[in-house]
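Each of the next two complexes has chain A plus one more chain, namely chain B in the first and chain C in the second.
Then we have the complex of A and B:
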């Protein structure tokens, strides 16, 4: 079935088709319409899931984790302050090796208040031991959430998975989304099976004290599971073609016009659309640039990224930053390839870039690359920002 | 049904007996959810299973939420079990208060036991919101200046079907309350005063004597609030008359944590206890 819907609505539909049993919900912009839609589906009798309306994101993950530990497919959604408030439980979920799926509608982090898009919240969970995917359009949001349950529950992975999507720009963007039928989804996503489950008939302990070596071995096993998830994701992506043949999930990340590219732009998320338009126009002027869109931050598909070593120059754009250092994607790419890498940090707190901005960024990068000085990190402000005066406490009058 | 022996409880610690008494009543079909607390260590530092029932250890502030999720999952699988949060006073009344209140407001079908040793004992005796007035802790070396947070009353104000106080010194009363709670659907809360030898500074042979004195002096009234109806239980039924209650000093003087209290401070505490009983007399 094809229907016009927002990414948030697509996510709710994926949760419905996955026959999720328990959903812990707590509102935060720009994710809220996901949980509203789920509550509405419940009220209309379209889903059986137990919707637990908790008092915080910390509790939302508590409920979702508890249900997962007891063997039931569970889901939650959050972003920004909510994700940061949940942070402790995000780690508790992966450390407990409990499969579940969470949607993250990305948004800037306060202070000061800002409800607009930025990916720093998502990036701040980079080290938490989750499988981390990032969508770029509503169809992919649907696909990744649905695939997420199978990836997360695969015995070779057995870890929670979060699917990020740019706040408003993607969460609220409506396009045509193809939804496979319930029968097709049931065939693709079998009922949950897990090696350990909370069951009074067969008591186990979860999360008790681990002595140092045992603790380190557990951490090591999560590290290995994330790495081995790479082949699992490809396998599941290929299988997904049986029920939805429109997107290619045979690789973790997505290439655009990279076959003959001399230069590569690396980024993730919804602004890939603007970037592709800019690339098309530059290509018409004889500039051979392509794009690698990161769809999975974890696992980090090192062999796919390493292919970038064949180009003359790499430009990484981050809608996030590790303050005082650079964009997280930039740092990841730099740690993977031998080439010079330029990083651009932009789009923070909802700063919008258009196609012309992408062209300006790329042209400046090409000039620097030809002079072999395309290294380091630049903070880019859109063309209409005439003057950048930083806001320092000492300058406050 | 029991907590396994060879656990890491301190000498004189009532927690192992309190858990055993709980599980004797709730039976095999019990799931324990334990946030950071002394019990994380008592049940945690073992090879193999620490108890005869499943135990889920939880981050400090999340136990009622995790218990809610487990109960929802068991319901969806049509499996029956008593899901019990077993938490200390900090995990209940300080860092965990929002989660406790959330679960109580939603009237989650879980049982919540707070074993209240009146400070952060697992980290080495730091004051909590439930440390009583006058008590020494490592973060109130001068004695706590504030009063104890009234958590059972706060939970009762949520309108949950069952709230009770209990004491390890009155084990039949405690187990009768667990038994009653087990049969009730919805959020059930039992608050156990749980004397702590190293934290309260008393000899490990005195645990039960001090637990008894807490009740006999009226500092720790035993009661239950069933569907909003308040009722004194056990020995506390006989203590409405002030002359029947021992002076609070008898409870305080056995504990090093109160040794710096002045006679004025003791008098102030005595007055607070008497005023509390006058309130009880009005509602009982």
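Then we have the complex of A and C:
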């Protein structure tokens, strides 16, 4: 079935088709309409999932994790301050090795308040031991959430998975989305599997104190599971072709016009669309640039990124930043390839970029690349930095 | 299928998971079986589950009893006395 819907609705449909049993939600900003859609589906009897309203995002993940540990397929969604408030439980979910899926509608983090899009919240969970995917359009949001349940529940993985998507510019954007039928999804997504389950007949202790060596052994197992997830994702992506007309899930990341590219642009998320338009126009002027869109931050497909070593220059654009250092994607790419890498931090707090901005950034990079000085990090936004007059405490009094 | 890297943060209930905690004890509960009426109050209250009632008689597992004295306190007929380990 094809239908025009937002990424939020697409995700809600994926949750419905996956026959999720429990959705732990905290329905206040920063939340997306995915949970409203799920509540609507529940009210109309389309799903029989328990929708549990809780007092915070911390508790939302607690409910989702608890349901998962009890053997129920579970889902939650959050972003921004909500994700930060959930941070502790995010680590409990991966440390517990309980499969579940969370959608993150990315937004800037305060202070000061800013409700607009930025990926820093998503990036701040990079080290938590989750499988981390990032969608670029509503169709991919649907596909990744649906595949996410199977990836997360694979015995070679057994880790929670978060699917990020740009707040508003993707979550609320409507496009044509293809939905497979319930029968097809049932065949693609077998009943839930997990490493252990809460069962009064066979009691277990979860998250009890682990001495140093056992703790480190567990961390090592999560590290290995994330690495082995790379081949699992490819395998599941190939299998997905049985129920979907889309066949671009055989790799973790997505290439655009890279076959003959001399230069490469690396980024992730919804703005890949604007970047592709800019690349098309630059190509007409004879500039051989291509794009590698990162779809999986974890696992980090090192062999796919290493292919960038064949180009003359690499430009990485981040909609997030590790303050004082550079964009997280830039740092990851720099740690993977031997080439010179330039990073551009932009689009923070909802700063919008259009095709012309991309062309401007790319042309400046090309000029620097030809002079072999295309490294370091540049901040790009449409304003001058103003001098702020400082006040000393006496004046304040 | 087994994956050698897979390891999970769970523990299963077992005897003495925390080691032989009986070595912590400096007073030990001694049961006077002539006084014991088999009411199981000590069995019920023992926080470490080291008291067993076998055929109506109380037995203390001294490998794990930490000597907290709760059993002696709750015994309605004062059948349990705490004696110093050095005696």
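As a convention for this text, the second predicted complex is superposed on the first by the 376 of 397 C-alpha atoms of A that agree within 3 Å, B and C clash if a C-alpha of one lies under 4 Å from a C-alpha of the other, contacts with A are read in each partner's own complex, and residues count from 1 in each chain.
Rule of thumb we're sticking to: a contact is a pair of C-beta atoms (placed from the backbone, for glycine too) under 8 Å apart; a residue touches a chain by one contact, two chains touch by 3 or more.
Everything numeric here is computed off the predicted structure, so don't read it as measured data.
After overlaying the two complexes on the shared chain, residue contacts for A:88 are found with chain B alone; chain C is out of touch. Contact with both chain B and chain C is seen for A:204 once the two complexes are overlaid on the shared chain. When both complexes are overlaid on chain A, the residue A:97 reaches chain C alone and has no touch with chain B.
Once the two complexes are laid over each other on the shared chain, residue contacts for A:54 go to chain B alone; chain C is not touched. In the overlay built on the shared chain, the residue A:220 is in contact with chain C alone; chain B does not reach it.
Looking at the shared chain after the overlay, A:167 reaches neither chain B nor chain C.
In the superposed pair of complexes, A:299 makes contact with neither chain B nor chain C.
Once chain A of one complex is fitted onto chain A of the other, the partner contacts of A:64 are limited to chain B, with no touch recorded for chain C. Shared contact residues of chain A, touching chain B in one structure and chain C in the other: 203-208. Touching chain A in their complex are the following residues of chain B: 28-31, 33, 40-41, 43-46, 49-59, 61-77, 79, 81, 98-99, 101-102, 105-106.
Those residues of chain C lying in contact with chain A across their complex are 1, 3, 5-13.
In the complex of the two chains, the chain A residues touching chain B come out as 21-22, 24, 48, 50, 52-56, 58-72, 74, 88-89, 92, 198-201, 203-209.
Taken in their complex, chain A has these residues touching chain C: 95-97, 155-156, 158, 195-196, 203-208, 210, 217-218, 220-221, 224-225, 228.
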